[in-house]
Amino acid sequence: MRLMYFSEAIDDALAQAMVEDPNIIVFGEDVLLLRRNLLARFGPARVRGTPISESAFLGAGVAAAMAGLRPVVEVWQVDFLSVGLDALINHAAKLEAFTHGNWTAPIVVRVPCGGGYGDGGQHEQSLWGWLAHIPGLSIVVPSTPADAGRLMLSALRQDGPVVFFEHKLLSEIYLAALGSGGRESVQFDVPAEGNRGPVPDKWAPLPLGEAIIRRDGGDLSLISIGVGVHRALEAAQALGKDGVSAQVLDLRTIQPIDKFQVCQAAAKTGHVLIIDEDYEGFGLSGELAAILLEAGISVKYARVCTQTTIPYAQQLEKQMLPNTECIIASAKSLLVG
Amino acid sequence: MDLWMLYALMKKSRLFEEAVAQLWQRGLISGEMHLGTGEEAIIAGIVSQLMPGDAMAVDHRGTAAFLMRGIDPVALLREMLGREDGLCGGRGGHMHLYSKEHLAASSGIVGAAGPRAVGFALAAQYLRPASVAIAFFGEGAMNQGMLLESLNLAAVWNLPVIFVCKDDGWAIITQPQEAARGDMGERVHGLGVNYVAVDGLDVDAVWSAGSQAIERARTGGGPTFLHNRCVHLEGHFLGYELLRVTRRPFQELPKLTVPVLRSFLRKGGGSLKERLAGMKMILSKLWSTMRDPREDENNDPIIRLRQRLMVDPGRLNEVDQNALTEISAVLSAALVEVTR
Amino acid sequence: MRLMYFSEAIDDALAQAMVEDPNIIVFGEDVLLLRRNLLARFGPARVRGTPISESAFLGAGVAAAMAGLRPVVEVWQVDFLSVGLDALINHAAKLEAFTHGNWTAPIVVRVPCGGGYGDGGQHEQSLWGWLAHIPGLSIVVPSTPADAGRLMLSALRQDGPVVFFEHKLLSEIYLAALGSGGRESVQFDVPAEGNRGPVPDKWAPLPLGEAIIRRDGGDLSLISIGVGVHRALEAAQALGKDGVSAQVLDLRTIQPIDKFQVCQAAAKTGHVLIIDEDYEGFGLSGELAAILLEAGISVKYARVCTQTTIPYAQQLEKQMLPNTECIIASAKSLLVG
Amino acid sequence: MDLWMLYALMKKSRLFEEAVAQLWQRGLISGEMHLGTGEEAIIAGIVSQLMPGDAMAVDHRGTAAFLMRGIDPVALLREMLGREDGLCGGRGGHMHLYSKEHLAASSGIVGAAGPRAVGFALAAQYLRPASVAIAFFGEGAMNQGMLLESLNLAAVWNLPVIFVCKDDGWAIITQPQEAARGDMGERVHGLGVNYVAVDGLDVDAVWSAGSQAIERARTGGGPTFLHNRCVHLEGHFLGYELLRVTRRPFQELPKLTVPVLRSFLRKGGGSLKERLAGMKMILSKLWSTMRDPREDENNDPIIRLRQRLMVDPGRLNEVDQNALTEISAVLSAALVEVTR
């Protein structure tokens, strides 16, 4: 066991995979800065910078994957995928279907996501539920360093495209690069266990589609992903003091999604609260509701999600993103109502 | 360069696509259908030079390229017929043709061939040294950001890409003078890519320019852009309205003009001057099509090549016969169990 | 009352609005062909063709809307938005929030959508539920000529951006342009009432967010939108013969969405079947489930949606898109189960 | 052109941004902070010529443009402080500044200023004849498809857009030679837009080139692209790592190099040659920053302009004093109720 930061763990697992598989290459804007440690170890042929041409380099990544490489393509923030989505939506995601399973594009798209450090509405989106709508993409959203590294390893072994979300509030690299820069006067509400934690000495893949219970409880199931998991854990602890026993389920990946554990958790407590930092409507929280109803599980249900465009001002930003107080309040009214 | 071999490729492609057109007319092929008839010289001039390991990114008009690459024509036709034993199990259709073993992939998204060829070429750099990647696309695509980006990226990474622009002067009903400014050569140069203008009706010229570009790419010289002019004999796609009007004016013209005139006359709206300007644009579209370049035999690359090959009419006849036999066999093989 | 085809109705309502408001302009690729009737009446300054530069002209449309025009911007197919989404997602949708309500972008983006004419997976997507995930966009999906014209009028009166979906299977213009072209040998499963129907002599706006009951019934509620509504109606009729009384609710717009009528319909019959031509996961069908659970309405629920990439082959395509047989079968097993 | 007026604009902007930097350092402003210090000559040279009805599309580095456009500096600063009474109610922040009455809008999406200026100019054609729209962006943005597309579109529609490229030779840590090929002038020409290269450190030169471009646009002559070179005095954004290393090598260098070296030495991975090539790239980045162009006073447009205005030191002193007084007043007004 070693202790690692979140992005350090991802890069470490990635490095292990790169040693084993010479076809893994990494590229994206400014990766010479972001992945300088990989650059120094694997050289510039395998770690490349790109112009600010997301459409071209994402599309190139998909095609390179079709032609035998295993590219890990980085985009500065998930918000900026908006300028290069075609490669993912219409090409990577559809190839397997178009070829009746004959051809796939094993690309990993690494995207920082999420808010809580003051960049506002065009830079702090989550969008995992949005991308999950498109059949053919795997969607991974780890919440701890150990999961992050292990899921990166799995992502690198998938046949098809994987979007790997790296929450900026967990990532020491992005926080330093984006949020705080050269100052020590700011402090973000970084979940400690998410930011740094024990990781295995040698990385082993964690299969996609396996949720995990982070905390057991009998009254209420909090289902979440990414930073939301840590907020849920904090809320569960507070609720515990008030005599409410809350379970916390971390989905870890939403495509595939662990329907079995979702249903089990819901059936156990009969009360489900979804915590999702992505937008509320037409996303993960809705899909979970559908999964429950389809399974014929009747529960009390509520959701704490991001309602609309994230405002810049610190206080407003905090209120907009799912936070512990909100979760506690919703949990209580769900149990009462 | 073997003109006879190129002619055979072009001829077979033409016959194949003409057969496709008939099947489409009979309703056996669904959806849109973009033929490549008229651009065979461009495709043949390039594709005939590809080797195993070379890759191809094709746009919505990819049938000829797939055929000439040596991909099973029966599987190709069955794909268009939507059959389980088609090239892609009937899942793709004519705009989404794929052959993994040939590293050949189509796309119905205008401009997507650019990034795709860049990715293919990137993989070649690692896995198949001295291999190249071709991108086929139209002049309309040269206004699409991702294609422009991909030229620059290919240049920055010095990748073995040949960007093959098939400029037919139309993007559906939009003509270059309405949609683009600046000189194409300058545009391409300004994105760092070597530019060569080619007469796309002359397979000889395409082959030669292609040969240089491919050689350059294979030896680490980076990307080249070949700008080839051509005429699409069936217009944008089968059933293309403007061409229909031109070809059967008595039946088709009223369908178009009556509603337009009715709208022109309706109360409320633009001034007479504005309305007339609008009418003029519609008429000029019709007019451009009426002066149908397809009527000039010189715009058909196959007829042009035949003229040169007439030096040996016996052999020409033989090649024609072989092509016909081959494509007929393809047709009957593909149509087994389909024709009613 | 006049009889009109679907797109004819939209263009007619648009023309009425253009007469009244000189700031409405129309642009997009090949609109000189598609909107030639408008071109002949309003002239080339108000009906413009564009290059195949979706990012640029959508972005320009958003900014033109910010600066006082009311652009109706057309994209050939919703699938191709993938190359120009940034303008909608990061700009149009967020402007009002970023400016605290001070500035909005009243653009109408007109997008053909939907399948059933043989173009396959990269050209027949629906994606309305996908776009609805992004806060700040209104999403309109009419199912009849009368609604289509009236909703276009409303769209043109919104303060913010509206994505107006025009189902190709209902649209005489797109069907002729894309599906059949010059041949008479093909026939598509076009819902007659959707394709042509009575429209008012003078167009009046239909407010966004008002669902409508297309058929009453007490056993089961079929909730749908677009072409799905017609499939649902056909299924309801067939079910009627088997003694099942099915209600059909047409949502008409999904952002805003008529939660009240959704809940009412569900509460009335206790059995809800969603029919959605958009992809199943993380979309409209999930959001409806969440709406019901949030309202504490316990129902039996099922959904018939597009499962994955739409295949090209006619028979497979038909099976993939929600069809009457599927709806009937799902309805029956929902009522039994 | 009034150099004194331009100097005053530039000086005030500099003081304002320096104040912003301090507030950011103190943690009173959250998120990233991209200053425009060093590009004031470009902004002043253009913005000072705008009239009511003209529009402005700005990138992530928009503070100076907003300030010089006459937008309330107190509201601007309050916006960055996230206050309800900020320019956008605290909802936008420094990358999302908007003023509807000035038709001024920012965006954090690289390249988005292009389409936006095109749309503003399109509206001007209908609603505000003889008005223009400015797009401000960096050289890195010139590889972004939507910006390239928008140049062409502005040319096709002959719109009154002035594309103002502020070329500082860096896009975060990426330099043009790594990210672009071809000549910028050719690229712009090839997209149909009039191209002018300008010394962006010389407000005089910018003003003159801008004046011609604006005049041309106002009179229906279509778009112009001004390519202005400059140096960003604070690097990409506040706290920029490479600059930190340069400025405080003893504290900062080890933070960067120790992990890199550790990784360099780890078992498994590239050959020594490959590793050394990787190290060399990292070092060359550091090296480029170390040869800090900021140390050359000639790269500061304000210092350069001062040298010219030294002919009247009294007046210069007065202008400086006024700027200081004004910005101090802005600061105190904005900070009411905030400073602890």
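A, B, C and D label the chains in the order they appear, each numbered from 1.
As a working rule, contacts are C-beta pairs under 8 Å (C-beta built on N, C-alpha and C of every residue); 3 or more make two chains touch, one makes a residue touch a chain.
Nothing here was measured: the structure is a model prediction, and the numbers come from that model.
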item	value
Farthest chain (mean CA position) relative to chain C	D
Contact-richer chain pair [A-D vs C-D]	A-D
Distance from the mean Cα position of chain C to that of chain A, given in whole angstrom	31
Mean-CA-position distance for chain D and chain B (Å)	43
Mean-CA-position distance for chain D and chain C (Å)	41
Residues of chain D engaged with two or more neighbouring chains	88, 90-92, 96, 107, 109, 143-146, 149, 152, 156, 178-180
Shared-contact residues (touching 2 or more other chains) in chain A	45, 50-51, 53, 55-56, 79, 82-83, 86, 90, 94, 97-98, 120-122, 309, 311
Residue ranges of chain C touching chain D (in the complex, touch as defined)	23, 25, 45, 48, 50-51, 53, 55-69, 84, 86-87, 90-91, 94-95, 97-100, 102-103
Residue ranges of chain B in contact with chain D within the complex	143-146, 148-149, 152, 155-156, 178-193
Residues of chain D touching chain A in the complex	24-27, 29-33, 79, 82-84, 86, 88, 90-93, 95-96, 107-111, 140-141, 143-146, 171-174, 178-180, 237-242, 244, 256, 259-264, 266, 268-271, 273-275, 277-279, 281-282, 285
Residue numbers on chain A that touch chain D, as the complex places them	15-16, 18-19, 29-30, 32-33, 36-47, 49-56, 79-80, 82-83, 117-123, 176-183, 185-186, 309, 311-317
Touch list for chain A against partner chain C, complex	55, 79, 82-83, 85-86, 89-90, 93-94, 97-98, 120-122, 129-130, 132-136, 254-255, 279, 281-290, 292-294, 296, 298-303, 307-309, 311, 337
